[in-house]
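Below, each structure is written out as structure tokens.
Next, two complexes with chain A in common: one pairs it with chain B, the other with chain C.
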Partner chain A sequence: MSHDSHHAPVASKLELAPERSDLGLYRPDRATGWVDWLTTVDHKKIGILYGAFAMFYFLVGGVEALAIRTQLARPDNTLITARMYNQLFTMHGTTMIFLGVMPLSAGFFNFLVPLQIGARDVAFPRLNAFSLWTFVFGAFVLNASWLFEFGHLAGWFNQFEWHKNLIYTDFAPANGWFSYAPLSGTIGQADQALHSPRFTGVGTDFWIIGIQILGIASLAASFNFICTIVNMRAKGMTMMRLPVFTWMTLVTAILIILAFPAITVALIELMFDRQFGANFFNPSAGGQPILWQHLFWIFGHPEVYILVLPAMGIVSEILPTFTGRPLFGYPIIVFSGCVIGFLGFAVWSHHMFTTGLGPVPTAAFSLLTMAIAVPTGVKIFNWMGTIWGGRVRFTPPMVLSLGFIWMFMCGGFSGVMHSSAPADAQQQDTYFVIAHFHYVLLGGVLLGLMAGLYFWFPKIFGRMPNEKVAYLASGLVIIGFNLAFGPMHYLGLAGMPRRTHTYHAGNGWETWNLVATVGAYILGIGVATAFINLVWTAFKGRKVESDPWDGRTLEWSLPSPVPEYNFAQSPVIGARDAFSEHKYGDLRLIYEKDGGPSGVHMPSQSWMPLLASAGFLFIGFGMPMMSMGIPYAGWLVITGLVVLIAGIWLWALEGPGGYMLTTPTNTAPANQPSASLSR
Partner chain B sequence: MSEAAAHDAPTSTGIEHKKLIMWLFLASDCMFFGTLISTHLLYRKLYPTGFTDAEGHQRFIQNLFNIELTSFSTFILLMSSFLMALAVSAMHKGQIKSFRRNVLGVIFFGLIFLGCQVFEFTHFYHQGLTIQNSVLGSTFYVLTGTHGTHVAIGVLWLILLYFYSFSGKLQGHVAALDVEVAGLYWHFVDIVWIIIFTAVYLVEYLGPNGFWGSGLPPVIK
Partner chain C sequence: MLSRLFTRAAWLVVALVSAFMVGCSKADLQVRQSTLDPKGPVAKLQYDVFMDTVWLVLVLFVLVGGLLVYAVVRFRARPGDDVKVVTQEGHGNPLVEIGLITASIGALVFIAIPTLGAIWIDDDVPASAVPTSKLSAWYPRTISGVEQYAATLENQVLEIDVVGKQWWFRFEYPQLGLTNDAKHSVPNEMVIPKGVAIHINLRAEDVIHSFWIPKIAGKVDLIPGRKNHLWIQADEVGHYYGQCAEFCGDSHAYMLFRCEVLEPADFVKWVASQKKEAAPVAENTKAAKGKELFAAKTCVMCHNVSGHFGAGSFAPDLTHVASRKSLAGAWLDNRDPKAQVAIEHTSPLGTEASVAVDPAVLKANLIRWIGSSGVATGADGKPTKDVKPGNRMHFYKMFNVASLNETHQTFTAEELDCLAEYLMTLK
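Coming up: the complex of A and B.
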């Protein structure tokens, strides 16, 4: 196709002659600066963008969390209104899960998976860019609800006629991250404009469309990553030689493509209830709000494993590196990950024990929930087996990984407590639940992701974070985290309800709430320290060689920062932990005779993914505005659909393009004489 | 590696990227339709007696459905799958004229199916079943409407492929793969309709009191 007509291979894309796509438009291949970042299809740049946006939203969600903790620092506090408090905890949960953890994991997937499997890119580079920008616009739509909220608080909207149609005026979502119907839905009969009376304001519409857009981004990225992992492995990279992080990426992506359709349908049904007067969850017309709970948790529980499996993969890479031993029981770790993913679909109703499922389902879900502790426990024992007898190097990533194992175990223990339905009935909606899932999601996922950031930053940017600051940040995070969430176990068992904007004095909750707030601030300072450390490192950190940690997997065999073609010659893999075998074992890495002066094929950059994603921006603002009754808002939605379809159409017609880039012929990885490298 | 180069390079499994990603999408879409169909069936079991129309009359779903028309449109959709298979086969053999003929047939049959659905929706609406007046209306219209949207996207895709074929660029292995992927999507949408037709329409005519025990004997008009 079009790449046949291309010119000779070039050493840098800046040397390319201007190239027209099949549409006759110039391809942005030679772009530099911000145009390069907007049109990039390089999985490494896309990974960095994912990470940067995720870290930003971690800070946004963190500020929301600190506002919550400040309000709860003392009893009968009036700092934050009950309404604002609802918005804060809703947006805190939604932001951390969908805009913090998932995109940061996606950043790791993007950057690492092709490198770890010996590939030069993902299967669909432009689709990858589409996923990124769709996530960015979805995140913007969700958070733009705050801008409407502040505009409303400032009185900007009071003069408009449509404002009178709003029954409730919470512009930011206030329905909790699981948005239970009928609170998020409707009641009674639809009026002439097909609007049924609602319990919550337009914020819920922002939430619905925002999550829907983010779901599309996650689905597109997951299709791409399964394709990449299954189909683009280097020669000799069999499935059971894949690095564990790549394995966990695969399981996570499979979970996403099978779990997200449930929330997609639930959101469509809720949207039809709110926008068009349908009755899926409308109790006065016979709708069953509990259906929402089922649909939500059929998605929601796999989502928990979508969040935690990448962190488990990261830790499974870090522990062998810093103990100098191969991962103990690699096949068992992989199978456990798969079993966790599989069982993750069979336990959703343990979130609903108090809804009255009946004894048989309750017992079944109880049993399955206990069963899921088995593969998780197997993983923890395997990690301990890896450390056992190893020469442990307590680098910052290792400290955070050890913290991960410890904290995640605490979260697991309280999780097993929840699996017992009678105990869960007591713990439901108390701070005990908050303690449990923060130990899993913060003690587990956040520590794992931070460990990953400190571990791979030298590879991503070729610069080493300041170790002293890293230790300080790790210590602050672990101490602050335990101070903040440890006491919540007690508060929950002492009866303190979650999602309540204040509490009265005299219940014995004052002291531990204050301690939790102090802990939250220490945690916040710790995370901020780590992020400042990392951002500073990206620009100004000390430069390091390509393999500073004595890594085990393929990405460490590449120069830092990694060149745009990844592998100058494609590697041929003969063992698990191929690079470690190469350095210390008998199995040297060998390379195929590709690349060199004849060049490697690079995908062309494109504006089209960004254009198609921009359609979601119009849809994302149009749907809530329709709900507000703003005239002609429906046309905004239609405009969005047209932009989306036009973007995809032009994307198909412009042709994939591509150009050839020459690579060095001798790319001996560190620690190895170059003689052994070519066949 | 770009999409074009991806076809030149062998993949680890031997399955082309585009085909694999379509299978993955279809796996995801299975869960999507599974959720919608479950919603409909759950509410049918809970409220077996149909719905109340605008005049306050109790209406039974068997009196609403026009099973002959729906059977006809189901048959048409099935036959479109047959033509799609012929189109894919023609493309693999490089017979572009045969491809165009068959794809035009698929488009035509797809449009007949959509026309029947539009007629059915209009008819049901005038019979009193609306998305607002009952749970049945909500689940029925959203489920079958979502399927109709899938068909419409497929028709749009095939129309674009049809016109693209006149540019001369639709040839060779890449084009055959593109058409095959479109075919996979089309067959899937048809299979889903077979399930919807069975679960939503046909079961209403089972048993002495209707499958859900609505108390009404099945009526074939």
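Coming up: the complex of A and C.
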């Protein structure tokens, strides 16, 4: 059955006749409002949803962080119990990494990549929606553990037999974000599968299944982006003309595909240990706890670069824009990004210097870790080369990007310090490490992502954030951040271990913990100010034209907000930085003769990605509830599998759909034509 | 607008730098668990390598950071600039790139060489230390005709087995007969001789822990099902603080330990004292009642008191509990608080000297520790807050034994007093 023939070209999809799928099911193409958002396959809407959920979870993780800092402000503080503290830092780390930074990066991938490569959507629009909703449900499952924890503390479950039988009653994860076995696993001989002795309660089961679901979302999205970037570039957009952000997206997606299988395997093994009586990590049955660490960190270290590379891509877009110069050493920046990605798989054991690897592996991982400083340094040098000879405009995105370079540089320096294994023997698992990775991930990645938000918000919503508030927020974030995490370098060297919910007075840690807490609150106020500024902008901000920053990449050639078909006519690219060079004289951009009255082909919206993802909701609740010993919880898991399979089945059978949409003609930006398209 | 913003940013940088300077001058580098105050060759070596990285990083920080600040200031947009003029500038310079990459690699070689050296030296007792550290060099093989260690061990250095458990450390000296099997193990307070290299074996019985005395050596993990080791040496007599550094569950923050460094001759005496059995308890005293309670309330199932009871091997050995300077995984300090304060005020920068146990503090700690938990009651008759949440002594559910229930572990205030009195006799 053809879907192309029976649509008359019209200006708006709302004027189209309702459509049905091959199964006769309703395709919500003409929907508006919340049905539109739930069934959308538009990469821009999916990107906005990713961003909105990510910002929400940033706030959740931030509140957890402030609770942690409040507890540590004074020695021998009894505000928060040990167990609650352990749950807070575990969920803080997990939330910030998997529910904050990764989805916010995914939001940028979604919104920007098709625009930057001159495409009308991603390669698999429905798979993209599936990634989004799977992330949303995975995040919900992970955080639902808090609901159980609060229910337990409030005593709601006391009357139930299963609750009385529980040995451990921590309902939110309390293992730290890397959940080392056997603390997260089992010990001793399992008498029955469900009653093998453990060290932690069902929080760990929530964590296992939650991360597993989030991994599926990340993997699906990564395949989608690799296909999109490799196959859907506009004519003339060769790989070495790709904007650096798109390049870093490609590298990140490849890292996700290569890194996540390791954690997937580890999580399945841990789940089998805990729920089905297997002994992968159970030392008393011959299992190897160290295996978990290898599997986790061969995922976990590339994960760091999965978090950092998108922010590096963002900064590599912002610097040329606000210095008025092309990126210095584009090929080297791209190549060093790839080298970082490659070397990222060769340094995992530097997280394990204290596990007794033996001198030869320790030396090898020490040297490899030092080696990774070279491509990272190359990026910083090239960013400086971009500034050199330029005209630096201190807009909010530029201020935040400069902050990114500075903080990331400091984080890199402390990283070099513990690449040296003997020095790391003193620093491992202390606040020195906390300081290091917060300089990389907060001073680096969060500032980079905030810069990206301020940079592309005018493109996403067609509205400009208030500049004064933006400067204020950036200042508060940078001051608060340094005040909170700078003293932690000292605390770590003064011997304060991480993940301790309290400490005695007399250890010399009191003053700087208090300073760090004050800094954390300033940082919190700064982030809140920035987010309020951005949310307000999305609805009420001052409207701006399509290219307020004098941008260089293709997305700035489009109207703001971007129409649903992106490019009315497909672009043909004649150079790197084609749009910028085109604006200033050379003919670098022409348009194909598609679109217009003959229309462009748009993918149909669908309920099926949402339905399939909803299966994970049942699985995500069912597995921990089985672990709690709630009767018949296993049927919830089976229901989830049925829903998942049914969703995928119907998805396959409903047909590709699609409709034609007319676009305006002659939307090419003005230029002064010169001799040739390419140089 | 821009220049005003610029001035503000400059002030911000000045403020941050001065805050950093003030911070550095205020930071005490010789606190209890400082890694910057090494008192033995292992920690010293790690400190030296660390300082190599510090100097390298400082140089890079000044160079790269200075260049970055210079570039941003020098090339800032000024009013009236034509931003578009520079659009067509070049895309990089291969010579600059190759030069910078070569320089970075050179800088890393500067720290790679000491790093590699230290990795091998850190691994185990170096051969050069053996002649002065082997047992026969400092420990008399026989004292008053009693053999202290087998002749075959003469050329070995002292070995200590460390066992990590939730949430305490057990120390054993197998060459000298102080082992858990021999009913002479040492919980939470390691004692070592000054100036000799010691080989430490690390094991864990439940989850992963990490052995760390910052002033003496960096950490090595204790992993169940795996044998790890390190070597240590302390060059100053004194009282050192250690802590578990790998997250190990609910009460990880309370898993501390101490290390007492003695002159070798004092160490020999200490070993002898640890082999003594508990003295008999006078009849019809509170202590005698406490001894009965020790058996009746099932304490005896897990705890060993050589000379009185011998069944327990799971929990800390209590034969010398009253002589130890801390309780509950070194979280509660039994030392005389006034003497302690005096020491910290008179010599805040040196190695801490040992302070004697204060009986009143010890008793209060014993009552608080045993009485604390949801199921037992404290001295005031009310349930007290758990000193170490989740610990096996109070968390009877862990054992999953039907006959072991709350009543076995509930004490009245009077019973608690008697039990404490009994434990106080175990010097």
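Assume the second predicted complex is superposed on the first by the 661 of 679 C-alpha atoms of A that agree within 3 Å, B and C clash if a C-alpha of one lies under 4 Å from a C-alpha of the other, contacts with A are read in each partner's own complex, and residues count from 1 in each chain.
Going forward, a contact is a pair of C-beta atoms (placed from the backbone, for glycine too) under 8 Å apart; a residue touches a chain by one contact, two chains touch by 3 or more.
Just so you know, these numbers come straight off a predicted model, no measurement behind them.
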Chain B versus chain C on the shared chain A, clash or fit?
fit
For A:Ala646, select first, second, both or neither according to whether it touches chain B, chain C, the two together, or no partner.
neither
The answer to whether chain B or chain C touches more of chain A is C
Tell me the contact category for A:Ala73 with respect to chain B and chain C: first, second, both or neither.
neither
Given the touch rule stated above, what does A:Cys338 touch, chain B (first), chain C (second), both, or neither?
neither
Rounded to the nearest 10, the angle in degrees at the CA centre of chain A toward chain B and chain C equals 90
Give one of first, second, both or neither to describe whether A:Ile525 is in contact with chain B, with chain C, with both, or with none.
neither
Go through the superposed model and pick first if A:Leu25 touches only chain B, second if only chain C, both, or neither.
neither
Touched partner set for A:Tyr490, first chain B, second chain C, both or neither
second
Considering only touches as defined above, state whether A:Gln426 meets chain B (first), chain C (second), both or neither.
second
Per the contact definition in the header, classify A:Val572: touching chain B only (first), chain C only (second), both, or neither.
neither
For A:Ile590, decide between first (touching chain B), second (touching chain C), both and neither.
neither
Once superposed, chain B sits from chain C at a minimum Cα distance (Å) of 12
Taking the stated contact definition, name every residue in chain A that is touched by chain B in one complex and by chain C in the other, in rising order.
286-288
Which part of chain B faces chain A closely enough to touch in the complex?
1-6, 11-13, 15, 17, 20-21, 24-25, 27-29, 31-32, 34-36, 39, 42-43, 46-47, 131-135, 137-139, 142, 146, 160, 164, 169, 174
Report the residues of chain A in contact with chain B in the complex, numbered from low to high.
1-3, 22, 119-121, 123-126, 189-190, 194, 196, 219, 222-224, 226-227, 230-233, 237, 257-262, 264-266, 268-269, 272-273, 276-280, 285-288, 291, 295, 298, 601-604, 649, 652-653, 655-658
Would you mind writing out the residues of chain C in touch with chain A in their complex?
2, 5-6, 8-9, 12, 15-16, 19-20, 23, 26-29, 31-36, 43, 45-47, 49-50, 52-54, 56-57, 60-61, 64-65, 67-68, 71-72, 75-78, 81, 83-93, 96-97, 100-101, 104-105, 108, 111-112, 114-116, 118-120, 122-123, 166, 202, 206-208, 210, 212, 214, 217-221, 223-226, 228-229, 241, 243-254, 331, 344, 385, 389-390, 397-398, 400
Residues of chain A touching chain C in their complex?
78, 81-83, 86, 167, 174-176, 180, 182-183, 187, 197, 199-200, 283-284, 286-290, 323-332, 354-356, 358-359, 362-363, 366-367, 370-371, 373-374, 377-378, 380-382, 384-385, 387-394, 399, 402, 405-406, 409-410, 413-414, 416-417, 419-430, 471, 475, 478-479, 482-483, 486-487, 490, 493-504, 506-509, 511-512, 550, 576, 580-581, 584
